[in-house]
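Inspection log for the structure reproduced underneath, given as structure tokens.
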């Protein structure tokens, strides 16, 4: 298959998806116990989009994500321990506790960054691609964003400019069928949002967002296209949000009937099945066990890390009191 | 009278005004079926239907513009913007549309809409979900801006806002929704916009605040009372237009002032309060006005950092002591 | 022809186009003599869009327009004398001199109103349509806007909501091939902007913007559709801007070669030719003569009107000093 | 040194900095082929090509956001926003993006971009094309805001802004582009951001202003001189961060102050100036600070109406006389 992930890559995708899932689950438990701050947005069921999407990029490519970005953080290769530390408000976190779970940034892996303003990541990636184009670099930028974000005006402006200037950018629309509490059909009159690509002179396509190979291939193809200076691509990955909107969601609007078929299509289970065929189910189980060890260690270390101490003056003077 | 939560008081105001006037309708993100992320519009979609209570796409910019033009053409829209942090997305519709046409087309149209939103920090929502951007709104001519703290005022002022012929920005606070207080049951109890309220009366120093900062100011007054300082807490209630006479009356009595706002300090709402006092009460002042506000930096997430930046009772009390020293 | 204008309507369209053209020309002369203030945006060559578009609506329908709205003002039935008075800053103007030529508003003819923020009229019309829908009125709202405006984010947000809620609104995109000084292909990667309608679940079509009958028919059909509660329509009227961007335009970017074919397709000339076939060329000439008398009178009266006197306090207290 | 128009000084700064640093590029509406509606970028597309000088669609919101992220990833963008009236469209990118990430991701990224725009009234451009919205920008932490009045400062400060590691908003004025002055030809003459300038020195009253209001303040000083009043005119040059020591030094000398800004009065930039003086110079003041600003209403179009609202020399002189009375 063209642009398909190698077995090694599939194993790594699988591992990162498990890391993400376990990160979410443990955080969910901490949240229940009142040990986290602010709302947490879990991406259970959507791991394939962020992880396989990022794995299809190179280390120095840029990616930015949303309030629901744990799979992107882990997918782009960030260290779970420092992710957890940030979410738990520790000095060792990626932003020294300043950002929290929606606003992580890590220049070293090109994750620039989470964003809690819906839609803001779309022009952010376009701007990174503009920077790449001006400097004639061999990189691409990718925005991972939701079906809700696709309705923002800024999405339109950014996609139009990306198409116009053939910017090396990938718009990875993670359609999990919900805005916050309302279904996608309450937000848009069209079911397939990728069709809008035609209005921006760029290719648009949809993929099964729970199938890591499909996501990887689509992103790899789009990245190759961008590197050839052929411009942007809009990829709509159809998936489903298995947890509520956030830890402060009071629920009551996602029915079991709606969720059941998606539960059967859990991306980690699908990935395990596929992988088993090539490496055997024992090797697959080993991946899960190693991931479990890693994530437990990440939490243990992060939770022992110190909180930051407040200091008003930044060295650079950017925020000094006047 | 009944004891109600702030959120319930708002809900009652919305229900009563929608029942009273068929031109009133409400739209915003997740306000319908779900009842709003702070549950202020709970039950209204069932009562008034999907035509008058609308869940919307995430499109703050157009939503605000649509509220303006819908108001100009015969309805009285209420728009909920989920977080005050998203107000920057609404600015063109406010600054270049709502503000402008009431004057240019005076006599031809009115613009009776209400934009409800909530701001403020304290619960770890981070730099993009905890701001108070009051001053951006209060700077705009032709628009009223209110920020009540009690459930009674929440209900009475929201009703007054809905009936007002001009655009009204109604500022709520995420930490006030669960506070309780006595609220009038009667449908015709309005609280007029533009009038401040003496929350605590005192003779030594005046503390001017709004929204949740009134709670902090009241707590500061208790701290100061222990030192024998009688602080007067003025709940401004309306940020634009300011109740100048209430400000003047209080300072004429105390000769000292602390001004408080949860937004940033530089070019902040506190700057206007200080400048207003400079304009009108200079000769009455025995010491410079002290400002208590958010330091000029993004709101950090981690608990010890966030706690260090949000203005609170002890910072207000300290400012009062410094002013009197 | 379905929804075609009657002969009487065609005559009235013709008359209003001439009024508009002469309004522009006389204003252009005044501007050259330094007798106007601020930039003036002429719509010479585009009269058919605004005039025939508005004539296809009813008197109580709403319309809003842009900085380049003279044809809409006249098309919706506003009084030339009061238009001129406003542009000349007089107390008798539609906004008592407060608005100027980009910001006229006239509630009595449903012209709500001009707008100098590019794109702002698009949600404005959608909001009016929302008001109509909430009050279950038998009206429609129409936004006339440019190809430049179509690239603004607010266009996307408004069109998405219009399609979603089936608002009774008409989006009349006046594609005069230029933003300010740059051609449309420098602003968008697609030539036909109406294709974006598909992404909003609404019909989109293009018409010859210099043909009054074509514009009228398209708008009349869209209005009928809106009145049937079948929702919005995006109509792209292809036309060309025969004058510079505004009276402060230093020019140099519209070539004679580009303009010549459009000059041959002057909408007023085309309308005169068509009309002559049914009412004879003398009757057509009479329309022009009467329009000339009317516009001369409008200027004579308006220029004799007094300037407003400044008063700070509005009766309503909306803008009182605090 | 050479005599240049303000617009030419800006053009020279852009040309020199683009020549010096390949990471600098510029984008905005009509800035390329046409050279900008105020001709500031004239000739640059020919010199630097369409990759580094880009005409853009009308998309202020995304353009500003793209400037922020491009700056975070290795370039130094300069964005021209045609009118300051469109700044409301840029607010999310400034308030929720540019302001935030410099602090959150400190040490990982810098955000070296410049947003140039021009505001101000006086030529009948109407309520949506004549505003000064300085205060919206000056309220934002992590961002610098400058507003030079002389061609020399225009060049030297634009160069400094382009080289600055933080976001800088560069405010121009439509009535300044044709003013002339001496400008350094050398490429390495920078004017530091954050430093005010004594435009006219005097001992009786201090007038603080920026951008075109400095011209009005200077004219006011001449009017006042006729009455024997020695006004000191301080050209603030930078609106954020304020040059506090220059303000303190002047008031220590004059004990009286008039603060001027072309934007609206209420919650305006003048409010901050007044409040700053309250904070730092209260004991030095012999009279309250006077504010001179746009009245709180949309800017009307017609000449007699517009002339009545825009702050000018005679209103400044009158305020100074009132302050000294």
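Note that the chains take the letters A, B, C and D in the order they are written out, and that residue 1 is the start of every chain.
Convention: a residue touches a chain if its C-beta (ideal position, glycine included) is under 8 Å from a C-beta of that chain, and two chains touch if they have at least 3 such contacts.
Everything quoted here is computed from the prediction, not taken from an experiment.
In terms of the distance between Cα centroids, chain A is separated most widely from C.
Rounded to a whole number, the gap between the C-alpha centres of chain A and chain D is 40 angstrom. Separating the centre of chain A from that of chain B, both taken as means of CA atoms, is a distance of 36 Å.
Mean C-alpha position of chain A lies 45 Å from that of chain C. Taking each chain's centre as the average of its CA atoms, chain B and chain D sit 30 Å apart.
The set of chain A residues that touch two or more partner chains comprises 95, 98-99, 103, 115, 117, 151-154, 157, 160, 164, 186-188, 314, 319-320, 322.
Shared interface positions of chain B, i.e. residues touching 2 or more other chains, are given as 56-57, 59, 61-62, 85-86, 92, 96, 100, 103-104, 127-128, 141-142, 240, 242, 266, 276, 296-298, 300. Because contacts link each chain to all the remaining chains, their graph is best described as complete.
The touching residues of chain B, counted against chain A in their complex, run 29-30, 32-34, 37, 39, 55-59, 61-62, 85-86, 123-129, 265-266, 295-298, 300-305, 308-309. If you check the complex, the residues on chain D that touch chain B are 61, 85-86, 88-89, 91-92, 94-96, 99-100, 103-104, 127-128, 131, 133, 135-136, 138-139, 141-142, 240, 242, 264, 266-272, 274-279, 282, 285, 287-289, 291, 296-298, 300.
Put simply, chain A touches chain C in their complex at residues 151-157, 160, 163-164, 186-190, 193, 195-196, 198-202.
Considering their complex, residues 37-39, 89-90, 93, 95, 97-100, 102-103, 115-119, 148-149, 151-153, 179-182, 186-188, 248, 250, 253, 307-310, 312, 314, 319-322 of chain A touch chain B.
The touching residues of chain B, counted against chain C in their complex, run 22-23, 25, 51-52, 54, 56-57, 59, 61-63, 65-75, 77, 92-93, 96-97, 100-106, 108-109, 141-142, 165-166, 240-242, 244, 276.
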